[in-house]
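Some structures are shown below for you to check.
Next come two complexes built around chain A: one with chain B, the other with chain C.
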Partner chain A sequence: MRALGRWLGEQHWIAVGSPIVLFIAWEWASATDLLREAFFPRPSTIVIHLRHLAADGTLWDHAAMTLIRIGWAFALAAVLGVGIGLAMGLWRQLREGLDPVFAVIYPIPSILFLPLVSFLVPPGEIALVMTTAVTSFFLIAFTTTHGVRQIDRLVVEAAVHYGARGRRLFATVLLPGALPFIFTGLRLGLGFALIVVVAVEIVSTSRGLGALLWLSWQILKIEDMYATFFVIALLGAVLSYGLAALRTRLLPWVQDVTARSG
Partner chain B sequence: MSLAVPAVLLVLWEMCSRHAIVSPRYFPPPTTVGWVLVDGFAAGDLGTQSLVTLTRLGFAFAAAAVPGVLLGLLMGMARPVRDAVEPYIAFIFPVPKITLLPFLLIILGVGEPAFVLTGATSAFFQIVISTLGGVQTMDPRLLEVGRNYGARGARLFWKVILPAALPAIFTGLRLGLGLALVALVAVEFIAAKSGLGHLVYRHWQMLSTPEMYAAFAIVGALGLLLTRGLRAVQARVLTWQEEVGRL
Partner chain C sequence: MPTRAPKVLVNEVSVTFESHGRSVVALDRISLQAHAGEFLCIVGPSGSGKSTLLRVLAGLLPQSAGDVRIEVDRPGTPLTAMVFQEHALLPWRTVRDNVTFGLENRGVRRAEREARAREMLAMVGLTRFAQHYPHQLSGGMKQRVGIARALANDPEVLLMDEPLAALDAQTRAIMQEELLRIWATLGKTVVYVTHSLEEALLLGDRIVLLTAHPGRVCQVYPVNLGRPRGLEVRGSPVYGALLEKIWSRLREEVVRAMAEDRGGEHA
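Up next is the complex of A and B:
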């Protein structure tokens, strides 16, 4: 309570007050039809719909589906991305060979890979997960490569002089040295997995939060649309800020390398 | 950049497709795609559709850049503004911007404004956050030196704060442009009836795969041009910054 009081004392009350004021104003404006309630339903109505969706299990079904897909896609992207990223960081030939390929493929929006992937594997869950993994994979591979490359040459040479070789050099010098970058890549990759999975769900399936949002729009269940949006936003906040908090807790010595550049 | 590996991959693909080791129906030989590209630009609508996407991108970027930079600067310099706005920025930033599309579609109707604004929001939040970061992380000594030499108000802003934040602003604009392209292509893929994203979708549905790969290739080229090209511009224009972020 004391910490909260101090936090509020440092002018943060605006940060807390502004959303409260906004919601009250919104509630009032759509109650008095200043905002068209058909487009901007009252926050209180949205909460009621959210509770209905949660009570009959619809919401959990869709959310679980999305989370499972993100989980698989992220695991796939993380294993391949860190593996290939490390290899590219260590072997110059591999890096120089793959660099142009990656440079061309990386900026392509993931969703465009859906057709390609669905030619390679049977369309359905697997294609959906693989498409979701594409951008995350590249991000993780890039940051991991960069993480290995930025390790101070002196540190590596010193380790080699003290007899670190092969697996020992890798596990005690290269991997810890690249870790901050790997973590940044993983965090960004997880964020992108959410972004892509929602887009892919909109196009290609009837289950998952993206699908629920899109279907609610198509049958003009506006309140459900707002409720689903809120859940997706909450998921985004948990994935991006939760992971950052987890890292500070678990690996306090690992700094986030993009915190500075934004 | 060595181009050997991409060349080998393309030749391999060509041979596999020609000898039906991979299905030429799904993976047409690159030369076929190449000729479709040439024809598409010479006679077909590839040029027109590219222009549609580029026009949307231009509008989206303009709609995001000006308010984004202004808001970021304002948040960086005025604490109450930052406190009031930051919760929303922090809440919306990690949200997939494509989820805003249905909202914009009901509010604005199905059409260009809704498509363009979805792309714009994608860029907007990145630009605000980068700009804010640029102001917040500037060396406080620069401010002190500026003040000691008598710079105040507008002068302090133009001579000290803005130049110090400029590299971060440029990075934000560069990232924002890339994000806007990604969002717009997704919007086209999902909802619009024109543009490169829609071309990929339509030719996927019709299984006219050479045309699909052609549109795909243009998006890739566009993305490459935007990311690499702007990074080169940034390195040249902002010579006083230490190093352009590689990530």
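Up next is the complex of A and C:
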């Protein structure tokens, strides 16, 4: 609580206040029928529906499904993305070979990979997870490659001068130098895993938050749709801030651009 | 006075770069010596290859011709350790771990490493900052860490590449006196590159003046100013006369180098 108080004291109250103001405005607009309540139910009504969904276990079931898929997809994307990204950062030939391939594949909307992946592996959970991982993989690989490339050459030269070679140079200089960018890539990748998993769930399965959201919409349970919406948004925020907090903890030497100078 | 035993022998060293299909001669048959325990300053206009020469001495750059010899007094310690102009500390390591970096790479035991780091940090006055990260330090403090990192390796020769150039005037003056104190304590052979003649006169036993395009040894000046030396030396007549003498020669070189640069732009 003291940490929270300190955090709020540092003028982060705008970050907390803005969604509150938004919800009050929404509540008021729906109550006065400025927004049609049938399509834009009041936040207070949505919260009641959210509690019902949580109470009968529906929400947890779907949320757990989505989280498990994100977990696998993110792990897959992170391992491959960091691995291949590091290799591309270190070896020019590999980078020059893969760059054009990645540039062509990367802009393809992730959801389109679902049929492609389904040709390779049997349709089902594995195909779903692999599709979810594609865009995250590219983001993580790109940022990791850039992370290696942006390391100050003078720092590398100094490290070599002081006897760091081969594996030691990698472990003491190249990897830590790339880590801030790797973390940024992981954070973007995790966010995109959530975006894509919801889309994939909408088109290909009956379980998961995406499926719940879409079902609610199709049977016009608008309040449930919004309730699911909230949960997805909250999940995204928690994952993103969680990874940011982890970075601050693991990389204390990174100068945070938002930190006060002193 | 330093003993006359040669410590660093640079013999007819040339460095040629390939740049845009043309070969550029950065160093042209440079020969010089630094005696054991000597503080040798290298001064020259930009383009005279001062830093290139230092990088050759550090083994970071191969020479195209000629040879470099450094006399080994204590086998097992590195030949050279360099203090870089932009400090070039590892941002992800604490001050202490930056200082022990070279020892770690050579497999020195942890206890010994840490004792050495304590000693060096005490010498540069940073004991209280051992657990800080470089970004938490001022420019002058970062450069102290750079000096401690180099000295921790106990090199045969200490190389310094304009280590104080990026600092403000007051910090630089303080660091110059600090350097003199540390050098007097350790008696290391130092090869020090600077663009500041005043700095070279304050610190050096001898000053090697280089010419630009290509870098050649123009002249070597002994600095007969006595030791220990402090900032007050700037008031002495010997200092003034020497400054005037070297500066008039350096000025010719700078003007010539600038004219050539302009000519290069039109070519």
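Operating definition for what follows: the second predicted complex is superposed on the first by the 217 of 262 C-alpha atoms of A that agree within 3 Å, B and C clash if a C-alpha of one lies under 4 Å from a C-alpha of the other, contacts with A are read in each partner's own complex, and residues count from 1 in each chain.
Please note the rule applied: a contact is a pair of C-beta atoms (placed from the backbone, for glycine too) under 8 Å apart; a residue touches a chain by one contact, two chains touch by 3 or more.
None of the values given here were measured: they were computed from a predicted structure.
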item	value
Which superposed partner A:Ala164 touches (first chain B, second chain C, both, neither)	second
First, second, both or neither for A:Met225, with chain B first and chain C second	first
Contacts of A:Ile111 with chain B and chain C, given as first, second, both or neither	first
Chain B versus chain C as contact partner of A:Ile84, first or second or both or neither	neither
First, second, both or neither for A:Asp99, with chain B first and chain C second	first
First, second, both or neither for A:Leu251, with chain B first and chain C second	second
First (chain B), second (chain C), both or neither touched by A:Val155	second
Residue contacts on chain A - larger count, chain B or chain C	B
Residues of chain A at both interfaces, chain B in one complex, chain C in the other	none
Chain A to chain C touching residues, read off their complex	152, 154-155, 157-165, 168, 172-173, 176-177, 179, 251-253, 255
Residue ranges of chain A touching chain B (in the complex, touch as defined)	11-12, 14-15, 18-19, 39, 96-101, 103-109, 111-112, 114-116, 119, 142-143, 146, 184, 191, 194-196, 198-199, 202-203, 210, 213-214, 216-217, 220, 222, 225, 229, 232-233, 236-237, 239-241, 257-258, 260-262
Touching residues (chain side chain C, partner chain A) in the complex	58-60, 78, 81-82, 84, 86, 88-93, 101-102, 105-106, 133-135, 149, 153
Chain B residues within the chain A interface of the complex	1-6, 9, 23, 26-27, 79-80, 83-88, 90-99, 102-103, 105-107, 129-130, 132-134, 137, 168, 171-172, 178, 181-182, 185-186, 189-190, 197, 200-201, 204, 209, 212, 216, 219-224, 226-228, 245-247
